[in-house]
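Each of the two complexes below includes chain A, the first together with chain B, the second together with chain C.
So, the complex of A and B:
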């Protein structure tokens, strides 16, 4: 069923009876996801959030287990991810698509129970972009769309003063089957005109971002001098990876003493020198050049070779937040140019 | 010297082999941003850009570039060839800190001084452009010391005065002109710098708040930190090769496992570790932070780091009458002991 919500706040208030809700809000420093808390959600001028919503599925810190030495030896307690349902409202199509990438890593083969529990209990309400929302947007160049449904449970499109909501997944449908919303007053069935207008806006957004190229076609060159040139000014921070909605590397820290403590999973990144340091003291990627190369190779080769999809969803966060303007689009374009010259 | 002459001079020096490399600014992929240009090619110098959008403190690259190139090249003459670097006033203060700490000898640098009438804030400029430009074509963006302009039929049309797009740093700038240089771009800035006594107005305003409120403010700010370490990595004063606060760099190999494990902090992004990281870093910057503001510009989540470091700078100024990097000959304040030093803290 296609629904129409006239009053977003009323809708979120009803959802809040059964779920934790996170919404995009503007702060002086930019847009961030924040707990809903009952205040009006103002979407005017919303481009995308500074940090991606991946932290709600794959938090920056997560306790995996606790341990304590007792008389019968060491005792372990596995932590389990919180089971309360959560709704992420207003994630852009790129960030929702990112979850389909994280799913490959955390749900295929050996299931990661922490991620799996969160994913199962999270409803993604994606919000269609009005087109490119920032100069750094390039989702259509990685085969996605500003109105795409990948990773969404419900798709919202701003029509008139309200939202047209389309069911994408069973989880999305189940939200409207929940007690608070089942007989809810906050929604009604959308009229044919409203549904048609939503479709028109989605198509207009796609037209606005007609791709200039397909980055899946690009072949990276391992020995190209561009790696050295672009990495020379890299400062080796973790902004690109930590803001990235698909970067998913982590390390495990122990906190406490030998007798009692906990193991905590925290984000890590290939951009840090210590990331690839081996126990022998050897580091296969000692320089920023190799580390920058690794990040792009993972996104545009290793991951796609293994899972058949790029690990980049074109949100442009790494481009716009890089303090020294390292632009992966520019690096990729240099290979493209080279290819067309030689062919 | 005019910019064209400077480009030519540097290109000449590079081709004659008198310089090892040039560190300056060039255009980025977005017209509102400049990026560091690090090059040994005379041709690439054509792209050197001296606009007020070039904000990165390039002295950050000096220690790194010198270390890297030393490690790679074996020819001793090549080792000690100077590197040319474009520096604004506050950047020259940062270089002074590096010189004071003997991280690099002055002879290995060729300083291209860049008088600064305030730098542009690319985010402000971008926002105003989107609100006011008639045509969104990025090729029509012009930003200079007069303000933000749009090219309409080849004519510059003003969209905003420079004051509207400028960074707040000129409000406390002590050094609009570089403190030292080998060549200067254009003419020195004639305006008087902000007086030493009135440079900390922002900090004084903040310190009027009760201590509980200040702690709440910082706790909230630190809780948003994602520990990407951009603040420390972009900082010229953070010149340590291994950082005791971050596990992002290789630690030196030490036979004793206990020593190797001595990190001060956990990697977890939580209130305790975040606060410890920021407070420790602020203290390590005592008498070394020059208020260039690079950390704050780099921070992806917008933590007002400069206010923190400037609070420490104010303490150093009030207690020791010392300002970081103002005198390259001075002994670094935190390595100096004097019986004249204030001992107020012992009375409590």
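So, the complex of A and C:
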């Protein structure tokens, strides 16, 4: 069924009876997901959030297990991920698509129980972009769409004063089957005109972002002076990876004493020198050149070789946040130019 | 024992959770600035020769190590060089203490497909550990394999790991042992020179053989070069790789070579495979 929600706040209040809700809100420093808390959600002028909603499925820090040393050995207590359902409202199509990448990593064999539990208990309500929402947007250049449904459970399109909501997954349908929403007053079936207008807006957004190039087609070269040139100004801060909705690398460290403590998982990045440094002193990627190359190769070759999709969803966060203006689109395009010259 | 039984189903559900294992024996193998100790623990799970396990100590952290014993033996063994924080802490353990173990990780050696073949093992220093699991496995399944050559060397005789076992194997008819040390020492009976040179000295025949090498990167490089000279094809040459690891299950990202993860798709690779990855052979 295609539904129409006239009053977003009324809808979210009904959802809040059974779920934790996170919504985009504007702060002086940009838009961020925040706990809903009952206040009006103002979508006027919403581009995308500074940080993607990745942290609600794969937190920056989380306890994996607790340990305790005793006479009879070591005791390990599984830290189970929270089971409460959560709804992420207003995630952009790129950030929803990012979850389909994280799914490959965390749900393939040797399932990650922490991510899996959260993913199962999270409903993603994606919000269709009106077109490119920032100069750094390039989802259509990596084969995605500002109105795409990948990773969404429900797709919301701003129509009139309200939202047209389409069911994308069983999880999305189940939200409307939940007690608070089943006989809910916050929604009705959308009219044919409303549904048609949503479709028109989705198509207009795609037209607005018609891609000039396909970055999936570009062939990187391992031995090329481009890497040295581009990495020369990299300061290795790692902001590209920490804001990236698909970067999934992490470290596991113990916190506590020898008798009692916990193992904590924390985001990590290939951009840090110590990331691949071995205790022997050997480092397979000792220089920023190799580390920048690793990041792009992982996103545009290794991941697609392994899982059949790019590890970049074109959100542009790494481009807009980089303090020294490294632009992965430009790096990729420089290989494209080279290819067209040589062919 | 109760601990081990309880741990099994939990670990199935949670690949990050270690189980408690008792240290049965700890023995110094090599002294000096880069000491090596041999740790024997309860057998925590079934595994294949060449697979790895993540050992941990509470409050210290984890380290991925090759299991140096064959699964045909009753206990699990590790040869550990003191290099970082975790290995230093493991060196400080005493028999009867407990450590955390999870695994097994990685592919292991394709020993089933090597049946009927001659096995040439070439190790240097602490690189003995993964090839030791093959050595034990072949000795325990002696009729299934052809000739067994073990070419092993270290800087000096004092740097040779597992020397007590090596002494016993000297007289064994089950294998040919070819030991070397880098520089001359009074009374040394074996070869003097680097491992790749000893390989040429031994000159195992390539036909019907597989060669496995593990040791310092520079040694591996020249061993492979010399194996090719002896007529070995890249598909007959195997090595195990090391990378920093945190998860062991292809998720934390740091041990990749191209699209492969050393923890999951390795650590055993044929030279035929490695040739395709510029990062691995640099």
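Definition applied: the second predicted complex is superposed on the first by the 343 of 343 C-alpha atoms of A that agree within 3 Å, B and C clash if a C-alpha of one lies under 4 Å from a C-alpha of the other, contacts with A are read in each partner's own complex, and residues count from 1 in each chain.
Here, a residue touches a chain if its C-beta (ideal position, glycine included) is under 8 Å from a C-beta of that chain, and two chains touch if they have at least 3 such contacts.
The structure displayed is predicted, hence computed values, not measured ones.
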Contacts of A:160 with chain B and chain C, given as first, second, both or neither: neither
Touching partner for A:179 - first (chain B), second (chain C), both, neither: neither
Touching partner for A:51 - first (chain B), second (chain C), both, neither: first
Partner chain(s) touched by A:303 [first = chain B, second = chain C, both, neither]: second
First, second, both or neither for A:253, with chain B first and chain C second: both
Which superposed partner A:325 touches (first chain B, second chain C, both, neither): first
Contacts of A:277 with chain B and chain C, given as first, second, both or neither: both
First (chain B), second (chain C), both or neither touched by A:37: neither
Shared chain A surface residues [contacts with chain B and with chain C]: 251, 253, 268, 275, 277
Partner chain A, residues of chain B touching it in the complex: 28-30, 33-38, 56, 60-61, 138, 226-230, 233-234, 247-251, 253, 266-270, 294, 297-298, 300-302
Contacting residues of chain A [partner chain B, same complex]: 27-30, 32, 50-51, 60-61, 135-136, 232-233, 235-239, 242-243, 251, 253, 255, 264, 266-268, 272-275, 277, 281, 283, 286, 319-321, 323-327, 329-330
For the chain C and chain A complex, residues of the former touching the latter: 2-3, 7, 10, 13-22, 56-63, 83-87, 98-100, 217, 242-244, 246-247, 249-254, 256, 258-259, 264, 278-279
Of all residues in chain A, those that touch chain C in their complex: 64-65, 67-69, 72-76, 78, 105-106, 110-113, 222-223, 248-254, 256-261, 263, 265, 268, 270, 275-280, 282, 284, 294, 297-298, 301-303, 305-306
